[in-house]
Amino acid sequence: MFFASDNWAGAHPLISERLTKEAAGFASAYGTSELDRSIEARFSDIFETDVAVFYVATGTAANSLALASLARPGGVTFAHSEAHVIEDELGAPDFFSGMRMIEVAGPLGKMDAESLKAQIARFPQDAVHHGRANSVTLTQATEQGTVYDLSEIQTLTQIARENGLGVHMDGARFANALVALGATPAEMTWKRGVDVLSFGGTKNGCWCAEAIVFFDPAKAREMPFIRKRAAQLFSKSRFISAQLAAYLDNDLWLDLARHANGMADRLRDGLAASNTARLAWGTQSNEVFAVIPRATAKLAEDMGAKFYEWPTPKDVAETIQKDESLIRLVTSFATTTEDVDRFLDILQQA
Amino acid sequence: MFFASDNWAGAHPLISERLTKEAAGFASAYGTSELDRSIEARFSDIFETDVAVFYVATGTAANSLALASLARPGGVTFAHSEAHVIEDELGAPDFFSGMRMIEVAGPLGKMDAESLKAQIARFPQDAVHHGRANSVTLTQATEQGTVYDLSEIQTLTQIARENGLGVHMDGARFANALVALGATPAEMTWKRGVDVLSFGGTKNGCWCAEAIVFFDPAKAREMPFIRKRAAQLFSKSRFISAQLAAYLDNDLWLDLARHANGMADRLRDGLAASNTARLAWGTQSNEVFAVIPRATAKLAEDMGAKFYEWPTPKDVAETIQKDESLIRLVTSFATTTEDVDRFLDILQQA
Amino acid sequence: MFFASDNWAGAHPLISERLTKEAAGFASAYGTSELDRSIEARFSDIFETDVAVFYVATGTAANSLALASLARPGGVTFAHSEAHVIEDELGAPDFFSGMRMIEVAGPLGKMDAESLKAQIARFPQDAVHHGRANSVTLTQATEQGTVYDLSEIQTLTQIARENGLGVHMDGARFANALVALGATPAEMTWKRGVDVLSFGGTKNGCWCAEAIVFFDPAKAREMPFIRKRAAQLFSKSRFISAQLAAYLDNDLWLDLARHANGMADRLRDGLAASNTARLAWGTQSNEVFAVIPRATAKLAEDMGAKFYEWPTPKDVAETIQKDESLIRLVTSFATTTEDVDRFLDILQQA
Amino acid sequence: MFFASDNWAGAHPLISERLTKEAAGFASAYGTSELDRSIEARFSDIFETDVAVFYVATGTAANSLALASLARPGGVTFAHSEAHVIEDELGAPDFFSGMRMIEVAGPLGKMDAESLKAQIARFPQDAVHHGRANSVTLTQATEQGTVYDLSEIQTLTQIARENGLGVHMDGARFANALVALGATPAEMTWKRGVDVLSFGGTKNGCWCAEAIVFFDPAKAREMPFIRKRAAQLFSKSRFISAQLAAYLDNDLWLDLARHANGMADRLRDGLAASNTARLAWGTQSNEVFAVIPRATAKLAEDMGAKFYEWPTPKDVAETIQKDESLIRLVTSFATTTEDVDRFLDILQQA
């Protein structure tokens, strides 16, 4: 019953297998091998446009360097107030991009269009004391398990465009959002106005596979240098390519995300039917937020369940009692129906 | 005949195997799993003292963040003029540490003690305009394939100590140096005055396994924050630990380094006996530098050999003719005697 | 009728005179002259304790480098949401200190103690993903013209102390706050728990005189290097000292602040008695915030008055009508009663 | 006998006078006043082209931010090995620009063209590990008192152009070089290929007046933000403009430089005629380097002369005996013939 995070799982067997296969033989380093190039080509196929792809070590690196590639001095970036770049990356995006992250409000992890407009208006292009609007970063799926639909993405990127801002998407759970929407990668990104994507594979079955994807390769010209100076250029780059080869082959990535989302559905259904617990809010990807009695949470933990108590967002604060706990449950490619059902059983018995 | 670099090899089978084995099951993230902790304990055993260990993505990251941990504002670091931190890391050490890298001369990749003293003397502790001496970084094995012996290390670290400077060792090829000297890890590091080590596993049979090792854990207090803000904290940290588990088990790492060094010995012996090529200088680890006729170099490349022509150091410049080429040959765990002999044959036939 | 800002005034005649006097003759550079040293000694007298003093070029530099001297990697600083370091310094404090500025709410420009506690609680010392509490910066007088009384300062610094945080005071309008409280410099700073002060002279009659003052010189050890690397070490440092010599002589600085505050009192009294305008809120230093009909504001501008319309703080938003404007009126050493009265007349006649 | 540095002098009386004059009255802040604008226009007149001008606090700031405006990630800047940006700015240029300073050799403080070419060749535009050539900075007058003639400047900037590099000129002693050459400001800068200039007034009779001058205003677009984030935007910017108004009026700046150079000529002539001292090398501006017996140096200091012993450049090292000292003598607008003659007398008497 490991629902703490999708990064508690290891790697999918097909990915380990591919690492083993590619381990033999020699290949040129620093992203220049045939395998490396074939994966870049694969990304272009998947996104239906020529893209430039840069591997980095972590999702934090992907976000930070993507924003750095958009940055100008004195610029600010707009992000949802619960976004990973604000809450969980120790200021790395600020450090690498030189920009301040400006919080945009919005329910359930999604930036509200009006709030975004209002915040952008505070940072005009000549605001030499205050800061000038530079870029918008949106998280898909969000930190609260919700998913922007295609028109919501369009609305936000259009606001960005009208203000001359670049658009970054933090896709640490890109595949989960994609299968939730039933959209194509192109539809969810550049066709909706996204300039640069943090493409995350780690949380969805890889060991370590994070890539920055530029939908206009011309905008990626500085990135080889930005990445190297950030100490993020792998020598045996092939070990990322090998993971991604397996990950992308036969739509494994989508199958894994579908599985994780399906397990989350099962959890949601069980919680909705429960009389001891309830959903905190509706989610669409592989994260479920539930309100359960504190005693039940304690019991579940005692019986081996792993999950985190979550900071209560303001907009649901009133609905949660003192003896209740808001918990986050994350599923992954490795989650089993047995684990889900066992966990739901514990809740019921409590 | 892949002699371009030891990072052209993939990973050793035992390392891939261990990755496959550890892929199953769940474990807590960000370096807190049992496996992660067991590897940190293993490092303490190997180094015969309590150490603090921090995984990072690249050798450049290890060097940059290690130096950052020693840095003070306005400080400068002393490195051999051919060191990786100066020649091959795009200023990442400067960027992360805020320090300037000061070149120290010395033959064959090793800092000369008198040159080091002279350079340190130029940066007194109150030199608010010029910069103040902060630390010394030495590369073991060096970029020119040579190895500092234990007394040479001692001499340099003692100069550092006398001037109040920290000492970093860039051990991208740590194992190769270790087996070349027949020394213990402790003898080659903290027992000779090294404060912090970049421990490299990638070049010696891992996919990606670089660690910063502090010999005084008290000096590592800021590192968790330095590393995270540098976007170098892996979520599935376990994938490094799994590699290192196999790497360190049964002295695999030393065996792999011995093999690589042995292949280099065979190359050296062959070159020494050759009448068409010659050793540029004596080396002790897994890098061999040879002078061969340009035509021979061309022939070897045409026949599939991979190697780099190398910038000629000043001290040997006079010994190389215009129609000759200085080449670097790097061996690795994956180099075979067949490859070495075939390459030597080509040289002889030329 | 120049009420736009106190930095629209030039320099006080005594200060210009002293610059002229010190212009003759030679003196050693970079802060080592007799005059420079005498001013540092004067600061120690004024603050009744041994202090270390560092001149810098701007208030932004003073704040940024003061915070940099307190910073640790991954640290965050707490500031009122309207503070200059957040609103008006283009991210320079973040850039130099490497820290993120965290907003603390509170009415009328003053941090609320409970809000500060709540924000600090979000950043525990081991929060490697989220950031760790490092320091508190409070602005005295505040950006909204109010002044923390001594017990309010004590309350905030005590919260800082209990959490192990450093305390910085942004004293761009230090003298105005001091005379408003009738306190001594020592009482308003280190006796109430302040570690480091941005001492501003520019807004109060100097041309350019900003200093960072450390109440524990031991904590200033890195500052000579931090300042020089920030390109803030003046060569003819004497030109700051000359200004400060005149500024501090015979309590000129306090007289100038008293004059400015007195002019603000006169404005306040006039506004309170007005039937066409009203005070937006009570202030204590040299800034007055008034609500006036938009037509009146237009008229006043047409007649030559200079002031800025001010962003409306949330807590007074409801009290301001659509056809009204919130304006900020700043007085200085150079403001005359004639200007004040003329301005009040315009308001009355409208 | 103050020959230690030209920054030991105060300010010229006309400059103090102008500060006094401008001190009265109000003017808008942050460089937007009429006086500020008139000075920018004056710069355009003086340089015979539309320029963009940015005041900063120090010469180090001017150099650092000018280079920052030219920088790209992973770029390197080429400077003479004795240049101020390398020797005397504590790494501020590296810190603000993110670039490494690469040393170029050359006799008497001037970059040698062949050495520059050779260094540029080491940093090709695709050198993602090593760094890519970005810009050249040349110091006029040099740190060794020499002056590049117009064709020498042309030669170096042409090499820069051919390699796609930007060109910065460190003009801390711009006026001294200008009058030494008898050239116009335009001839010595943009007409010879200079893109951006650090225009120094401080060493030549101002209190504090340093400006960054862009000869193509389009290249200055980011500078308002770069400067503000560097905490270098003065509020009472007018105090710089006032100094420059007097400085530029009636060619005061050129007269002051002529005087300083004339005093240096007198020193040179005296030294050339001396039988106890000799010129270390020929200089053309306001710095003279002399070799004198150590005993004489001691005597002169005892009698009140101020000067610095100077590190001996390699190319003259052999000509200096152990009992001799290389000293630097700097003249300024405030140097008198009496001081020069008295100093020469002491040398003769020794």
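Think of it as A, B, C and D in the order they're written, each chain with its own count starting at 1.
The rule we apply is simple: a residue touches a chain if its C-beta (ideal position, glycine included) is under 8 Å from a C-beta of that chain, and two chains touch if they have at least 3 such contacts.
Note that the coordinates shown come from a computational prediction; the quantities given were computed from them, not determined experimentally.
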Among the chains, which is located farthest from chain A on the basis of C-alpha centroids? D
Distance between the centres, which are taken as Cα means, of chain D and chain A, whole angstrom: 51
What whole-Å value do you get for the distance between chain A and chain B if each is reduced to the mean of its CA atoms? 35
Report the inter-chain centroid distance for chain A and chain C in whole angstrom, where each centroid is the mean of the CA atoms. 42
Touching at least two other chains at once: which residues of chain D meet that condition? 74, 89-91, 95, 98, 128-129, 225, 228-229, 233
Counting only chain pairs that touch, give me the topology of the graph as line, ring, star, complete or other. complete
Touching chain A in the complex: which residues of chain D? 30, 72-75, 98, 128-129, 132, 222, 224-226, 228-229, 233
Touching residues (chain side chain D, partner chain B) in the complex: 74, 76, 87-91, 94-95, 98-101, 128-131
What does chain D use to touch chain C in their complex? 2, 4-5, 7-13, 15-17, 19-20, 22-29, 56-61, 64-65, 89-92, 95-96, 202-203, 207-208, 225, 228-236, 238-239, 306, 334
